[in-house]
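Following this message is one structure expressed as structure tokens.
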């Protein structure tokens, strides 16, 4: 893999930041299309984060390793979106949650379950799917092939 | 008329700046719908401008009179828009010009003539029309009833 | 170092207006300059807080408002940090005066949110979220704050009724504010019976979609002396600002760290403690924000923030006597996004100069303003204002 | 007063990119900080120039890029003045250092224009025009400049071929710029044979739609000393900024007064004359801009601006020896709107530190940057940079 995929932490060079690098969004979503959720891990303070980025948000270090994330996590907070934007109206109401993965990385995502069926602490598992036609209509040109991460109660 | 319509120059008070005042865009376009193109005239330096606004762009004075503008003017510069935005694609190519009215006020507007039929110095006359259905589609909610100023060779 | 003061303010009524953004600005400017020389005679720079070009399909709001004020050649620009845009404009004005670069600066804010309807506002506000993971998941502004509310209630035991009381208090305050969008009292049942927008938040937990513009005139104390009496000035004695991660998931969900840092910096610059603040305008875009912010800026012990809805005498130990959101807050005064930070300053100016009419807080001498952008503290700007 | 210097720069290649805006920023930042400590160790503030939220449906670019740089809690904001956004960011950085508020500030610019295609860019750019009369008449950016070109040719006798030669010169310069969007020579026939976009302007008179990001690291001379050798620094010795009426119709069509004022202010701050400028990056969004700007900033007598396309030795009396747009200019280097002002600074930095490779201008000691927003000079920012 071009860019950074071997997990070794070192500062990224500009020429490595291509659309194949998981430190860029196209590279991150390409890996997600292959079913791999990649994150960054800070060599300085161990913070994990999704998507990978060239610097650690917790301490600012640029010694970042790219690592595949666990698919398992837990709901930290959740809500039910009664009135989403038009792109998502067909699926309303949506259950959306902040998930903490077992790596410690946190991200926001949809939960494929009714709001009543989950709660803070519910274990969930990552799934990945293509956008629906309706969602693709609202995607920007460069996002059409980017998949969506959705969590399912484990 | 609420607001300022009597031509007397004095500083506008906040409560006078309603949607009926020609010193606001709704007030300006309401008058235009009635066929009257209103402008401001600075009591300090005599500069005329369209639309009226609460301060003179030339000298900064807030002593502004609102006056109906002459319908006659002259082309100062003109061009032909080969590729307008989607709202106007049906009318392409558009002839557009900077017009100097006989009051000295200058504004940009469409010219209802082929580019080849006009030139710098061509006298023109103001006309006002409602938006087409196509144009209304692209108008913002509050602009739907605002008419369009179009110049015709005189 | 020149001392920055606010010497005049102006603001349009908040609500759904027939006027466009520039017209609302004209209203605010006419009020602010009713007793001042023409802007062209005294103003050195202008900043405009404005959230979204989508409402009016208009960028270049710096130049536009400069022209509309008769400031044709004056340096002018738009600043944007979503809903913190207004306070970012104010911070520039304060800093330009402090540095000696300018004598008089206009901090302006404008937003005509209703131009695109509720759907337009929902979409325009979602642009403030991280595009990669947040926006694409279909999350909305109320649901982002709902995540905070859910977790806050989970950790502190606060109830939906506790949150509702924040809205009740702010509506009551707004009845005395002639500029407020909602000048009607509500009770907790009104909030609790309103429909869920994003559980646990209901319609009446949310600030409305609003149009409005505000202008704050900042000057050096020396320049101000030549323009107004000293009792008409308010000192801008402290400013703080900072960012936090864009994605809510990557922040502390129950402690608004960005606001804590910004307020702390503002207190330090002003040389005061949180307990010395008499009045505060905080960013209650949703009811849950007010308790979260009360804790983050040092008014309340952790977990007791919902007591912001109580009279000072009824709060538990450790709480300050601050009065929060005398204007009615974003909830009831209204929330024209890019102007909100300046409406906060307008309220504090009127309170500190004794011009707040029926809602005057007695002996108000020091105010804290907290304006946030993005979801909660993705960007925060805090100001301390004090009587001259 | 601390003296602001530029101590490092970075920029992505310009063109249509698969990368998003934040990724392009990562490229620029990695280059700028290749030999520096982590941003978190040295940076006090960050400004982002960005024109339109519509390309990527993303506001809050200040916070987003701060986070991406590891500057989680750093004050950060977006500034917007259409295409002048980049230089507005640079001006803030310079002023924050001058005032002593900050030691090191990042001026950043980013735009991913291609995300919405040509139609999207046409629409997004039209938001810079006055909504009331200009936008609603169906005018586009090229046609706004076509009005200027038509009048300029009318008054000066300049021909379409004269304008074409500006594009030819800039394409030739860009062949030596590895970051340029077009690294191919063209001849005047290529321009003249290209189709009219808005008469008299043709496709090859227009800067392209571009993606790109740039980062300029500004510091006090004292802070810079601890980070780089002094020959790696360039002094930011003069800054000027100002507005002009938003509507083109209400301005002088053949004299760019805003640019004249901004450049004059920058010269005064730097204590130099226009004739002392060796290289200039000016805002040639359309070919006609370069002659207009050459006249407005004092390089050329009125009416002779099209000689900017000639070698200095071939120009008429009264012209300075300045080399204009060694980067290839907006026309050929490319024009990622909010980043353009910083690409200008990147070019000047590389020229003044002797790192411009094949396009190095000999003995270049002083540079003028002119970045405009809206149509022509609705907002203008000028910087003078000098060898340390």
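Just a few scattered comments:
Letters A, B, C and D name the chains as they come in the text, with residue numbers starting at 1 for each one.
We adopt the following convention: a residue touches a chain if its C-beta (ideal position, glycine included) is under 8 Å from a C-beta of that chain, and two chains touch if they have at least 3 such contacts.
Bear in mind that the values here come from a model prediction, so they are computed numbers and not experimental data.
With centres taken as mean Cα positions, chain C sits 32 Å from chain A.
For the pair chain B and chain C, the distance between C-alpha centroids works out to 36 Å.
Between the CA-based centres of chain A and chain B the separation comes to 51 Å, rounded to the whole angstrom. The set of chain C residues that touch two or more partner chains comprises 20, 56-57, 67, 71-72, 126, 132, 245. Across the assembly, chain A contributes residues 25, 57 that each touch 2 or more other chains.
The touch graph of these protein chains has some other shape, matching none of line, ring, star or complete. Chain pairs that touch one another are A-C, A-D, B-C, B-D, C-D.
Contact residues of chain C toward chain A in the complex are 119, 122-123, 126, 132-134, 136-140, 142-143, 146-148, 150-151, 154, 195-201, 245, 247-250, 253. Interface of chain A with chain D (complex): residues 11-14, 17-19, 23-26, 53-62, 140-142.
If you check the complex, the residues on chain C that touch chain B are 10, 12, 18-20, 22-23, 26-31, 33-34, 38-41, 56-57, 67-72, 114-117. Against chain D, the residues of chain B that register as touching in their complex are 25, 28, 49-51, 57, 76-88, 91, 94, 96-99, 106-110, 115, 120, 139, 143, 146, 148-149. Of all the residues in chain D, the ones that touch chain C in their complex are 20, 51-54, 56-60, 62-64, 66-67, 71-82, 88, 95, 98-101, 126-128, 130-132, 135, 241-246, 257-258, 261, 373-374, 378-379.
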